[in-house]
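The two complexes that follow have chain A in common; it is paired with chain B in the first and with chain C in the second.
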Partner chain A sequence: MSSLQSQDVVARSATTTPSPSVRSTPQIAKLIDESKCIGCKACQVACMNWNDLRDDIGENIGVYDNPADLTPSSWTVMKFFEVEPENGSLEWLIRKDGCMHCEDPGCLKACPAPGAIVKYSNGIVDFISENCIGCGYCVKGCPFDVPRISAKDNKAYKCTLCSDRVGVGLEPACVKTCPTGAITFGSKDDMVTYGEKRAGELQERGFKNAGLYNPQGVGGTHVMYVLKHADRPELEDLPANPTISPMVSLWKGIAKPLAVAGMVGAVVAGFFHYMKVGPVESDEKSEGADEKEPS
Partner chain B sequence: MRYLRRYEDGQRMNHWVVALLFVLAGLSGLAFFHPSLFFFTNLFGGGAWTRILHPFLGLAMVICFLGLFVKLWRDNRMTEADKAWSAKMGEMLKGNKEGMPPVGKYNAGQKLVFWALSWSLLVLLVTGFMFWRPWFAPYFPIDVMRIAVLLHSIAAVVLVISTIMHVYAAIWVRGTIRAMTRGTVSEAWAKKNHALWHAEVTRKQ
Partner chain C sequence: MTNSWTDIKNTDLVLIMGGNAAEAHPCGFKWVTEAMQHRKAKLVVVDPRFTRSAAVADYYAPIRVGTDIAFLGGVINYLLTNDKIHRDYVKLNTDSTFLVKEGFAFDNGFFSGYNEDKRSYDKATWGYQLGEDGYVKVDDSMQDPQCVFQQMKKHYSRYTPELVSKITGTPKEQFLKVCELMAGTAATNKVMTICYALGWTQHSVGSQNIRTMAMIQLLLGNMGRPGGGINALRGHANVQGITDMCAYSEVLSGYLGAPTDADDTREKYLAARTPKPLRPNQMAFSQNFPKWHTSLMKAYYGAAATPENDFAYDWVPKRDGAYDILAMFERMHQGKINGFICQGFNPLAAVPNKKKLSAAFIKLKYLVIMDPLETETSEFWKNYGPLNDVDPTKIQTEVFRFPTSCFAEETGSFTNSSRVISWKEKAVDPPGEAKPDSEIMARLFIKLREMYAKEGGALPEPIAGLSWPYINANTPSPMEVLREINGRAIADVLAPPDPKDPKAPRAVVVKAGEQMPNFALLQADGSTSCGNWIYAGCWTQAGNMTARRDNADPTGLGVFPNWGFAWPANRRILYNRASADANGKPWDPSRKYLAWNGTSWAGGADIPDMRPDAAPEQGVGAFIMNPEGVARLHAVGMNEGPFPEHYEPFETPVGVNLMCPTNPKAVSNPAARVYKGDLEAFGKKEEFPYAATTYRLTEHLHYWTKHSRSNAIVQPSPFVEIGEELAKEKGIKQGDQVRVRSNRGEVIAACVVTKRMKGLDVNGKKVHHVGIPIHWGFKGVTHNGYLANALTPFVGDANSQTPEFKAFLVNIEKV
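== the complex of A and B ==
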């Protein structure tokens, strides 16, 4: 499948010239309010239904998580956490895991295949699977450990934020199906405002550290959470300060032009050295005369 | 004109196998390094095929290089005499070869290139396995793979630049390429560039 929204691409993997971006769409976001989530997994069902994906039947690992982790055909997964934020205060936290749709996507930065990952002006980061070469660099680039590579076709897959639905004015399938309204969808600004309002309500009800998870280390995300314990996102396996790894930034940042300049420079330097200094010649008085090879 | 044997035929063929694999592994790897070089994937049947082939080409290159390494590493050990030669390397690059101290089979510059190639290939081999999809990458955590890809790139650049120097030196010093195309060098070449080696070889005869 090619990109459905080919004229509002603001970033394209392994591409150094501007992408088609004549059309500009408002920035959108999905907000997941964990305080309203009942862990019913309707979002998982809606995701596999709309995207027409069926995961292999797996193993029960003794907890509700099913499947236990994201897979190439399970793009969203409910994760359940039994935690004690304070001593003796058992809480059951449920987080809908999936792609965060970073404003500064590490997967796109790391991807070496032109056009295999694009970011639309609305903020959605999409894998254009036909351009994927299966190298797995997106896995190294992602601060949230989201992309999964299929063993069947060696292509990377993840949540598309239903770019095909959003592109025609619909909300993502998980949002449409959520029975409690825990998942909402709208403009990024509206969702930030609404998320902060919800966090304030939770604070009034005793969750002192409730807050919006919209990490600025990756420029903010287009999937945000309202967390009951926003001061400790690691309780739910979320990085506290996600950023693109410095290794990836170095590798896909300054190292690229520097190394190319070094390699081209070495050839050019050799060429001019030869032209200036000339070759080192041996005094061969009778060069080319009867050769005597040693036996 | 007398010619002295510098390499056995086996070593020469080994060298050229490594050289060909270097070109293939190098082009296929550079394709993933910088978008401006992605067009190299066209030489290998597209992006996915390049990704599939690159690790095999690289591994084959390292294995073949090992054949050269075991034959040549003894002659490439750095000695005290190399320091004197290195100190004067600037003069030589300016074209004043006359004042250079006499050297054996390899001068300090050649030895440096030899070890740069050896070490970079070792790093490329080890780090390459760490993100070789689909077989080996799943055994390594993501943080480790991030370090591996960076080191792999750095080692690759060291390898490429060392090889550019290696090729240039062979072109610059007339009569050198013959050592790899025929296995022999002229006596005048040996006297001028590797006087101690010349003395050693001619003494034996």
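== the complex of A and C ==
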């Protein structure tokens, strides 16, 4: 949400100079075990409380999901899915939705505002509000449809993985509050190991396709799920194989050099124009008139 | 809970029925997930709705509301037919071998002794046969047709899987699957726990719902054992505390039966409540009743309670009739109550049939509200359009509102479902002029005492003589009150005489003025005082035991003996003697809780629920409070019969009790009290064809949290739930506004259309459910909504009078 003057940034949006990376921290991850989640929304409330967010009091639109979707003031919401994975077998899958903190973050890649999105060495992807220009490219760049632009200040918001808490050795607020231990937090390696163990236990319990959701299309994520049906993440509105939009790749890959060339060309052209024609004069009178308004 | 939250982790099977633990008790539910992950325990949920608990369960079976006894009676039949019982446990720990009176009978819906006019039973033919020695006659072979085991077998043989399915709507194979899972815990090394809540209590057969399950747990040998028990999950942080202190009319603190008009002398009162053992060598611990009661009277009246005045027995009110919650509002409705002090209670929202409640409040001269929040009750007189359509110009009731502090704004104790009393400190000061309830009551009392002293009045003694030992009379501190509840010695308490040398001087075990160490030393001669015998030991000479926060669990069995204080005697599992076999060896060596070490029961994981020196061969039963020494499969204390029997809810979507289809008088509980006017207000299935139930959501607590913005954000506005099939029939789509009507009122709310509620085949017809969450009203920061109890019927359980909120009839339509 705001810069913490951190010295462990490994990537910054739209910045070519090296990141301040004098310090490095271990890779962390949050693991959400949906088989233990009861959808109590304590994590939603903890998120609101820690981040001092109070969304509007909405309406019930015929579902348990409230607020119905992520908003600039709701950085995590529970999503409820009534599914019948096999004929006649009803399941109520409940998924805590929010930023996945991709290892290869599409938002950061897409962001044109220097330093508005940073990635720390621990893996957290954070939005730095004072640098955000509200263009919404991060929304397009996110394969999970997470960032939301605030109508109040025209800036993008999403889960910070409580970077302020994690930075001082605490777990994220949602992890701390989860009553059933469905959300755990630790080093990325530990969480992968634990997640795989849990998936194995679920397979024993009869969920043959239980598995860890740590999609490699975005380089893995720092928020992972243990899914009962890891073969079908789309049952609960998760992309089976998320990747960064080709448009972002195009912008960063082929288009960016062209754009840079275009910009360089414009500067060069401007230089020659200046040398040959002289400075562009502004309408001094009109500007001066503005300045002479009574103070 | 007979066991504790932390003990759930020891179980092999969790049954959630008559409750929705994940939804209503999310913090305690962690122990269910703990058992599932680390013990590979299975979770089974039986509920009309596929709930949040069902979402994480291994097995779910649907059931029609109000048919739990039919289901569980069927389970008993399954266990007995298939010999899936823990036979040694049953013989050791239940009355299965006891002979029942010859005259006891059950016929077509009625037990012997029914009086139709009084809607009650003469229990003379119920109960055990007594021999000439005063003890119950037994048949150890359990073959005598009069023995409880055979009587029970006969009674439940009628609950065949086919009939169970026809009544409950649970598909037969799903019912049998649940039976099979439960039956698996008849093995000595397997234990099941049951977590229930108001889904069982809030029925006209509520107490019997729980009893049926208790019988199952006894047959399976799961009572008194780690990972077992009958576990009532309490719905408020301190509702266990309010029941323990018995802030209602039928009992005094510590579950001591309150005197009635029939108990005109102390002698009679004590005699009726001091039972003799019904079998040899039994502790019949309630023989100590006079000690508990006398110590309570000393706590009430101090020096004014003397042997000469029968310890002020005459000053205590003698009940002349029913004063339970329904009876109270019935009296108010009849105009028999002038004033009402409503403390921490929002009856307009929380009691059935809002229309009746509203009419009752109008008849009051004055209404005093003590609450931290602006409750609906406090504004029953104000017009909120269709949500509360009253005419204030026609209401003369004067309403006073005293703002009180909220739980975090005062120091004191909570008692949780595990019976653990925990001390907590005040976090912030209350806002504005809000005061602790204790201060408001103290000031009121001081004022009344002054008025009695000055002006006199009828029977001033109970007020004038009340013990008021607080340093500041206007503000008794919670510490002073808890010390008083624990009790102290008024005179030196001496050790009992030595049987070998009765004339030897007796040692002083508690010095005059000291805090009592436990309830065992309470006396009936007025030398001790104790505000609640089961809490004795919570604040001893060593200090405040409830403030202990040692999270050590020496045995790893989730006992935490030095965390707070659990009543009674800091015991974490009740009846824990039953965790060991007849020889005192634990049934399951891997969960060794208590064992006879040759000389004593001490040294186990918990405080033994047994005289520590009672050698197994003495045959002292594990159920020490019962004069039988064992648990009751045949319980005379119940008002509608010693064996639980299925009766339909008072509003039934079937219209007939399939257990006795030819007896129209036994459709619903024949012993439940129904007031005139309420009978007429019951709806019929022809006009109201859908089975409705009310319930809580995890995002809210009752009618409080609608005042909190965070809660309002995560669950903002009222809704009801129906299944897809019914929605289609009625042309209702997701999110549509619908009107739900009962014969007493209506609510309008958004509709959640769900796959999680399916029509059930009941007696050849499809029965649909309508689910109604309760949390909205016309005060608070959520969107306003109709009070759900506009719909519910004014009838209660035949024993506890808990209202039947969980099964009634409605109709539904799109607005």
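FYI, the second predicted complex is superposed on the first by the 257 of 295 C-alpha atoms of A that agree within 3 Å, B and C clash if a C-alpha of one lies under 4 Å from a C-alpha of the other, contacts with A are read in each partner's own complex, and residues count from 1 in each chain.
The definition used in the following text is that contacts are C-beta pairs under 8 Å (C-beta built on N, C-alpha and C of every residue); 3 or more make two chains touch, one makes a residue touch a chain.
Values in this document were obtained by computation on a predicted structure and should not be read as measured data.
In the superposed pair of complexes, A:P112 makes contact with chain B only, with no contact to chain C.
In the superposition on chain A, A:V268 makes contact with neither chain B nor chain C.
In the superposed model, A:Q44 lies in contact with chain C only, and not with chain B.
Once the two complexes are overlaid on the shared chain, A:I133 sits against chain B while remaining clear of chain C. When the two complexes are overlaid on their common chain A, residue A:P179 makes contact with chain C while staying clear of chain B. In the superposition on chain A, contact is made by A:V248 with chain B only, not with chain C. In the superposition on chain A, contact is made by A:A151 with chain B only, not with chain C.
Once the two complexes are overlaid on the shared chain, A:A240 sits clear of chain B and of chain C alike. Taking chain A as the reference chain, the count of touched residues is higher for B when chain B and chain C are set side by side. Comparing the two interfaces of chain A, the one with chain B and the one with chain C have no residue in common.
Chain contact summary for the complex, chain A toward chain C: residues 35-42, 44-45, 48-49, 54-64, 66-67, 74, 82, 84, 90-94, 179-182, 201, 204-206.
Per the touch definition, chain B reaches chain A in the complex via residues 1-5, 31-38, 41, 46-48, 50-51, 93-95, 97, 131, 133-134, 137, 142-143, 145-147, 149-150, 153-154, 157, 160-161, 164-165, 168, 171-175, 184, 186, 188-189, 191-193, 205. If you check the complex, the residues on chain A that touch chain B are 14-16, 112-114, 131, 133-137, 139-140, 145, 149, 151, 154, 245, 247-248, 250-251, 255-257, 259-260, 262-263, 266-267, 270, 273-274, 277-294. Contact residues on chain C toward chain A in their complex (touch as defined above): 22-23, 26-27, 29-30, 33-34, 37, 40, 50, 52-56, 58, 60, 698-699, 709-719, 733-736, 749-756, 781-783.
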